[in-house]
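In what follows, chain A forms one complex with chain B and a second complex with chain C.
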Partner chain A sequence: MTHKFTRRDFLKLGTAGIASAVLAGCEMPRRWVTLEPFVRPPEEQLAGVATWYASTCRQCPAGCGILVRTMNGRALKIEGNPEHPLNRGKLCARGQAGLQILYNPDRLSGAVQQTKRGSRDFRQLSWEAALNTLFSTIQAAGSSVIIWGGSTMSGHLYDLFQRFTAAIGAPAPVVFDLYTGMSGHRLLAEASRDLLGRVGLPIYDLSHADVALSFGADFLGTGLSSVRYGAEFGNFRSQPLGKRGYLVQLEPRMSITGAVADRWLPIRPGAEAMVAQAIARIIADQSLGPVDRVTRARTLAGNVDVNAVATASDISVEELQRLARSFATAEHPLAIPGDALTGQDNATEAVTAVQALNIIAGTVGQSGGFSLSTPAPSPALVKPVVSSLADVQKLIEQMRADQVKALMVYGANPAYDLPEEMGFTEALGHVPFVVSFAPIVDETAIWADLILPDRTYLESWGYEVVAPSFDVPVVGSQQPIVTPVFDARSTGDVLLTLAKGIPAAAKALSWADEVAFLIESIGQLPAGAAGGSGVDVLWARFQQHGGWWPASSPVSVPPASTLSQAIQVTPTRFEGSEQEYPYFLHLYLSNLLSDGRGANQPWLQGSPDPMTTVAWQTLVEINPNTAHQLGIQDGDVVRITSPHGELEAPVYTFPAIRPDTVAIPVGQGHSDYGRYARNRGGNVMRLVGAQAGAQGGNLNWATLRVKITRTGRKVALALFENKTGVTEGFVNQAFPGQ
Partner chain B sequence: MRVTVNSSRRWLLIGGALLLVVTLGSTYLFLAAKTQAAPVAQAASGQPIAFNHQIMVQLGIQCLFCHTDARRSPAAGMPSVEKCMGCHRVIGTNVPTIQQVTDYWNRQQPIPWRRVNVVPRFVYYSHQVHVVAAGLNCERCHGDVGHMTVDRPVVRMNMGWCLGCHEQQPNAPQLRDCIVCHQ
Partner chain C sequence: MEFPTRKWTMVIDFDKCTGCGACVVACHAENNVPIVREQEIVRGRAMHWMRIERYWDGTYPNIRARFMPVLCQQCGRAPCEPVCPVYAANHSERENLNLQIYNRCVGTRYCLANDPYKVRFFNYFDPVFDKPLDQQLNPDVTVRSAGIMEKCTFCIQRIRRGEEQALVENRPLRDAEVTPACVQTCPPGALVFGDLNDPGGQVAKLLANNRRQFKLLDHLGTEPSVYYLKGGESHVSD
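The block that comes next holds the complex of A and B.
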C-alpha cells in the first residue's frame, strides 16, 4: 500500500513539531553550574588562575618536555616546554593527546583478578589482597621471575626493576615494544659501535646540513625524535645568508618527510644500501668533491657495479651520479638511514652502508654531521636498554620450557606487538602466573591473572634520560600533574612494597617509596642550568624546570671513525617468491597512532593521516595504476597475504607509491585496549614472521612480499579530503609503462 | 462595500497568525534559554546546604575572609571544605547545616555548590580588578548578601548593567571598549 503525503499531513506534522518545540521551550532552563571547591586546596592554587606543571611526555621514547595547564586540579592542556633543550616548546599531536590517556573511560579503577585467562571476566580485588597475591606468588617463584617492560617506562622504574631482578637472581628485564622494533632503536645503537666504536643512538645535525639524503627516514613523522627533527628541518630550510638545505628522500612510498623533500625518488624496497654504496663508488671513481672525501670513498666504497645498482634500484645511472655529485660537493652533506633498513634481513650492514657516506663526508661529530647521542650525565640515572629480538626469542623459549614461573608486564603489549609466529601468547600458557600493570586492559593483560593498574604518566613520578639527546645531555623530570583520577597505584611503590617481604630484595630496595629513591638518584646529578645547591633545592628545580641539563654545551670530541674497509652488504632477501607474492610490503609507523599505543585516544584516531587524510581505519595504499589493473577501487576491501599471515583492509589508491608496492600503516587491529581501539582495522604484525635479521637485532618486517586478493566487499573510507580534482583519475607520470 | 472573508479563509488566517506567534515565541524562548544566563532561574533552591550568609556577616566575618581569591584572581572562588572546618570543628557543631559540612569533610568530598551569579562564557570578568583597583564593595554587584539567608541573585548581570557603571567612570572611553570584557 502506498501512502500519499498530503498537504494536510504536512500541516499536521508541522503543528505537532511546533507544539513540541514550544513545550521544550517552555521548560525551565536547567543550566546549573556546579562549583566544586577543593576539600584541601593546594597552596599554589588560585580560583580561576591556571597553574602549569612541567613534566615529560611518554607517548613515544623520545622524551619531549611538556607543560600541562591545570585549573582547579584538573589537567586541561598539554604544550611543549620552551625551556627543554630537546623540543624547545614544540610538541606533536601525540603529545597533545596525552590527556586522553589520563581521562580515558576504559581505565581500570582498582586491582582486578581474572578467574580464567582470556575470559575477560575480571573480579575487583582490594589492593591489599592483590598485593598479597603478588607477594606470595613472586616469593614462591624464586629467581624464575621475568619482567617485560616497554621503552617509555621511567628511568627510575627500570632502575628499580633491575635492582629487584638482580637481588632475587632473576634475569635482567627485557625491554621491547613495537615502536622501538620498528624504528630500530637497538639496531641503530649497536650499529654505531662498528662505525664510531661506541654504542649510542645516532643524531643528525640537520640544522647545519646543506644536502641531506634520507634513505627512507620519516624523521618528521615518527622515528627517533620527530618533534626535534621538525625544528631541525625548519633550520635546515632557512639557514643564515639565505642558504637552504636540499633534501632528497629515497623511499618506495611517500611519507610526510618525502612530501616536503626537494626530490622524492621511489626506490625499490631493499635497494637503499646498494644505492648508498653506488654513490660512494661514483665519488671514488669520478673523484667528486674534496680530495679527502675521494680518498675515504676509495677505501670505503665496495666493489659495486653502478649500472647493476641502477637496474636493481630503479634509480637511473644519471640520477645516481647527480646524487653523488651533490653529496660530494656539498659543504655539510648528510645521509640518514631510515626505519625500514632496520627491519631488513641485512639490517646492520644496510645501516652501516648508509652511515659510511657520513664517514666519507668527514663530518662525523661536526656541525651539520652525524654523531652519537650523549650518554647519561650520571651513572645513577639510567635509560631502559632496548633488548634485541634474540633476547626476546630466548625469553619466549624459556617460557615454553616452563622455566618462567612469573611474568610481570609493564608498559608493553607483546601479545599485540609481536608476530603471531613468535608464539608469545602460546608461551604465556606455560607461565603459571602473569601480572600486568596496564592501566587499560590490552591484548597482553587479557592473558594476565592479575592486573595492578599503574598510574598514567600525568599522575606519576619519574625521570627520563633523553636519548637521542642533541646539543646537551638532558634528564627530563616527570611529576604528578593531578591527583590520580582513577584508583591506580604506582608500580614503583608496588614493587617497593613487594620487595619488603623478600629478604634479598628488601636489602637492595630499602627506600620507603619511589619518591625517596628518585630524590636520591636526582641528587647525584652534577650542577645544571637551573643552579641551586642542596638536595631539596635541586629536587624542586628539577621539577620546576622540567628536568636537568647543563648550563652550556659540553665540549665534545668528535668521535673517530673505526670503519676502515668497505662494507660487504648481503643482498636483501625478501620472504615469499615473486611469482606467488608479486608485491613488496611497505609497513610504516602511523604518524598518529605510532605503533598502536595511540589507538585508544579518539583525538588521534580522528586526526586524518597527513598523507591520505584517512582516519579511524587501516588502509592499504596501492598505486592507482596497479589498482586499475586489478580492477580495484577506493574502499574495496582486499586480502593482503604474506608468507606468514593475512589481513583484510580497504584500499586507498595513492599516487605516490611504487606500483609494485603495497603500504599499510601500523597501529590498528586491536582486539582489546579500550572502546576506541577495539575491532578497528587490522594488525599488520599478522603479516610478519618470527624470523630475526641475520644479526639477530630486529624483526624482519621490511623484507616481505605479499599478494592482493579481492574480497568483493566495499566499505566507505573515512576521508577528510575528497579526491575529486586532487588525484582522481590520476595518470602516474612517475612510473611510465606501468 | 464590505469585504467578506469566507469562513475557511478566516480560520486559515487566524491559524496562520497563531502559527507565527507560536513559532516566534518558541524561537525566542529557545534562544533565551540558550544564550542568556537566565539569572533568576539560578536561584538557590537546589543548594546542597542552605548556607546562611546573614549569620556570618552579623558575626562580623568579611566576605573576603572566605572568598579570598577575589582580591588576587579573576574568580572569587569558593572556600575549601578545609577552610569551613577550620572554624566549624569547634563552632556550631550542633547546627544541622554545619553537620552537613562536617559530613562532606569526613567523606573528603567537595561540596557541589550551585553557582548563583553567572556571566556568559564570552565575558571576561575579573574580581581582582573590581575589588582591588576600583575598590568596589561586594554588595555593589551581589546585592545585600549580608541580609540574605541563602544567597540569591538580585542583579541581572547583562551588558547594559555593566556599561551603566563603566559609563560613569572617569576613564569611560577606555572602559567602553569592547575588548575590555570581550577579550
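The block that comes next holds the complex of A and C.
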C-alpha cells in the first residue's frame, strides 16, 4: 500500500464516521430517537399511555421474544411476546429482570483506560481518543487479533466480527461462555451428527410425549430453553382426553425439574449413560414394546450387564426393568440427556447412549418425539457458533506463546467462566493489548487496557437466529427500546468505524453503520408471516412483530438415524481418588443467576432459589445425614477441596441429594461485576480442572471428586424458609438403603 | 356505564407449577416491591408479594419436593381487615379484593399479626433504588415508604387498565384480557386468572367439577379467592 495512513487521517476519518452516523440519524428518524420538547410530542408518545416495543431477550442463548412497556422514554416492564413462536408470551425470572441490566447503577459511562492492568484505576477517555487508541493498536497488530465473544451476542455482530477477522487475516472469533459450556450447547449439537447426520441442537416435543426419562436434564430451570420447556411441561401435564405425561428424573441432586417429576431417582453421578444402555438392553432381551422397537434395541443396545449397572448406578434391577417397560410400551416416549453428561470425560458417548433410546423408540421427527432445531432460514443470517474447548485451549496457548497482539472480548467473561488452571488470566499478561466491550467492569475487564462499553440489549439493534427453534425457523428482532441511558457506544458501530481505517477491512465492512448492515441482512429473508413488500415495510414489520417466521410450518422430513451399531460407552472416570476425595461434586447452573451473568441484578440476587430458598449467598448443599456424620450444621463454613482448587462456603443441608455428593450452584463468587455481585463467596470454577473431555468438546466439570473440611466459622444463612422442625427431623430418622 | 361486580379469582395448578420463580421476579418488576438486603433476609424480613414455598415430602431416597406459590388470598372474609384501626385494610365489594390503602396505614402491623397466610409485608426501611434503578419503577404503583404495610393487589392497576380500555371501546371486558404480572409470565400456565362471576370464563370452567381443587386454610372461614389444584395422577403406573 502506497498511501500512508496517519493517525491524524484516522482522527479525521473517525470524526467523519461519527458525523455520518449522526447525519444518518437526521435522514432516517427510525434509527435514532431525538430529544424533543413535549410541545411537539413524538408520534408514539401520549402522556400516561404506554408504548410497547418488541425485541429479543439476551439473558441466555435461547432468544425469547419480548415486549417492553415504556412510558415517557422509560422502560418499565418486560413481558413475553405472545406472537413469538418460541416462548408465546412467556418469560422466565431472568427474562423478567432484564431492566436491571439496562438501569444498572454500575454501568460505565464513556470509554475508560486502565493505566495498570488489574489496578481498577480507570481513567475516563473521550470516545474519539479511545477509538484512536483502538485503531492504532489493531492496525499495528496486523492479523494477530483475536475476538472472544459470548453466545448471547447478536447475530449481526457475530457476522461483522467474522467478516472483520477474515478481512484482516486473523483467526475466526472464539465463542465460549459458561452458560453454553455447562449446558453443552456445542457438544449436544455435534452429537446430533452421529445420530441424525446433521449438526443441530436437539429438541424434544414434550407437549405430546407420555413418558419422559430425563437423565439429569434441568430443562425447566436452565438448559437450552427453559421458557419453552416450561410451556411444553404445562402441555405435557394436561394433554387432551385427560392424558397426563409422566416424568422420571435421574440425577444425584434434586433440581426443580426433579422436584416436579413423578419419580426422582438419585443416580450415582456418571452412571447415566450406563442406565440408558441397560434400558436398551432390557428392551432387547425381554422384547418389551412394539416389534420394531425391539429390533432397533437389539441393534443398538451395547453389551452391558444389567446387574452390574444396577450396582454401579444405585438404581435397582427392578427399577431399571420398570423404566424399560414404561419407556418401551409408551406411545410417545422421550429420553433427554442432561447438562452433566456434557461435562463428563466421555460426554459424546454418554449423550449418544441416551439419544439412542429415542432412536429405539422410533419417534425421531414425530409428534411427541425427538428432532433437531431448524437451520437459519437464510445463509445471510448467522448464529454465533460455540467453540470447542480445544479451540479455547489452542487460543490460550497462542496467547502464552506471544502470538496474540490484541484481544477483544465481547459479551463473555472468560476470567470468571474458565477454570483457573486453564491459565487465561496469566496468558492475558502475554497479550500487549486487551479491549473489553463490557458495559459493567467484570473479572475480564479489570485485565483490559481499554474498555469501550457497549449498549445493553434494550438499547441495541440486532437479530437472533433462534436455536433451538421448535415448530418453525425463527429470527428474532432486537431494537432499542429507550435512548441509551449511559454514554455507551454500539460495538457494531465501533467495529465499522475501526474497519474504515484498515484498508482490507474497509472493503469488507463498507456499511455506514450497523443498521444499514442489518437492513441488508434482514432483506434477504424469504417471505414471512408478517407479509408486506419493499425493504422499508419488511424492516418495519420485522421490528413491529418482534421478528420473522414463516406463515406456515414447513413440511419437515423426519431425519433418518445414522446409528447402525451398538453404542459403546467408556466408563466415566472421576478426577481424584475415592480415598482422598470421598464426595462427588455436582455443579449446576442457578436458575436465577444462570452462569453468573445474573449476579448483578438485585431482582435475581434477592429472589429465593426455588429449592433452597436462599438469596444473595453461595452455598454448599450436603445431605443432612452426611452433615450429621461430619458434625456440620446449617451455616457452618466448610472448605471444599478438589484436585484442582478449593472454595469456602456455608453448608445448607439439603435432604434430596445423595449422601456421597455435594452440590454447589454456579453464579456467585464474583470479585468484580458491580456492587450487587461482588464478594459473595468463591467462584466454583476454581474447583474445575483445565482438561477437556476425552472427546474434545467441553470442560470436564461433572467428573470431579472433592473433600470437605470444617473451618470452624459459621454464617447466618439468608433463608426464606424456616428450617426449624423441617429438615432437622431428617437427621434423626432411620436411613434406608445407605 | 357501571362496572359489573367482579369476583377476581386465581387458580394455581400444582401439577404444572415448576417452581421456576418467574412469577416472583415479574411481581417485583410490576409492583415496585423492593429487594431487601442479605442481612434483612436473615432477620426474616424478606419481601415478596408472590413467593414459592417448597415443602419436602418423605425421606431420602423416596423424597419429593412440592412447590406452592403463595400470595395474598384476597379473602372474602379477611381476618386482616377488621383489625386495622385506621381502615387501611379495606374490602372492595365490587371487585372482591382486599385493598391496602397506603396513605392511611400507620404501621401498627395488626393486620400482619392477624394474617394467617403471612402474605403481608412491612417496610422496616425506606426502599433503596440505586440510581438509575429508580427508572424501572412502574408509575402506576405507589412506592411504599418505611412504616407501611404492603401486599399483593392482584395487580389492580392492570385490572383497572383493562377495564378502562374496555370502557373506552364500549364493550364488556373479555375473559383472560386482564392478567396479573405473575399469571402473564408463568411459562407452564400453572397460574390462571379471571372473573369467577363469568360462567363461561376459563376460571369457572377450570374449577367446574374439578376434584383436585382446595383452598389454603379454608377451615378458617376466610373464603379465599385463590384456588389450588392438587397434583394429578398419571395414567402411567409405577
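We adopt the following convention: the second predicted complex is superposed on the first by the 689 of 738 C-alpha atoms of A that agree within 3 Å, B and C clash if a C-alpha of one lies under 4 Å from a C-alpha of the other, contacts with A are read in each partner's own complex, and residues count from 1 in each chain.
Please note the rule applied: contacts are C-beta pairs under 8 Å (C-beta built on N, C-alpha and C of every residue); 3 or more make two chains touch, one makes a residue touch a chain.
Values in this document were obtained by computation on a predicted structure and should not be read as measured data.
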Compare chain B and chain C by how many residues of chain A each one touches, and report the one with more.
C
Given the touch rule stated above, what does A:Gly89 touch, chain B (first), chain C (second), both, or neither?
second
Just checking: does A:Leu46 make contact with chain B only, chain C only, both, or neither of them? Give me first, second, both or neither.
first
Which partner does A:Ala718 contact after superposing on A: first (chain B), second (chain C), both, neither?
second
Quick check on the superposed pair: does A:Ala259 touch chain B, chain C, both, or neither? Answer first, second, both or neither.
second
Which chain A residues come up in both lists, the one for chain B and the one for chain C?
none
For the complex, which residues does chain C have touching chain A?
13, 15-22, 24-26, 28-30, 35-39, 41-42, 46, 48, 51-54, 56, 59-67, 130-139, 181, 184-190, 232-236, 238
Under the touch definition given earlier, write down the residues of chain A that touch chain B in their complex.
15, 18-19, 21-22, 24-29, 31-41, 46-49
Within the complex, chain A is touched by chain B residues 19, 22-23, 25-30, 32-33, 37-38, 41-42, 46, 69, 72-83, 104-105, 108-115, 118
Residues of chain A touching chain C in the complex
71-72, 74-80, 87, 89-97, 99-100, 102-105, 210-211, 220-221, 226-231, 233-234, 237-238, 242-246, 254, 256-260, 262-266, 322, 326, 330, 485, 591-592, 602-611, 613, 615-617, 623, 625, 655-657, 659, 675, 716-721, 726-727, 730, 733, 735-738
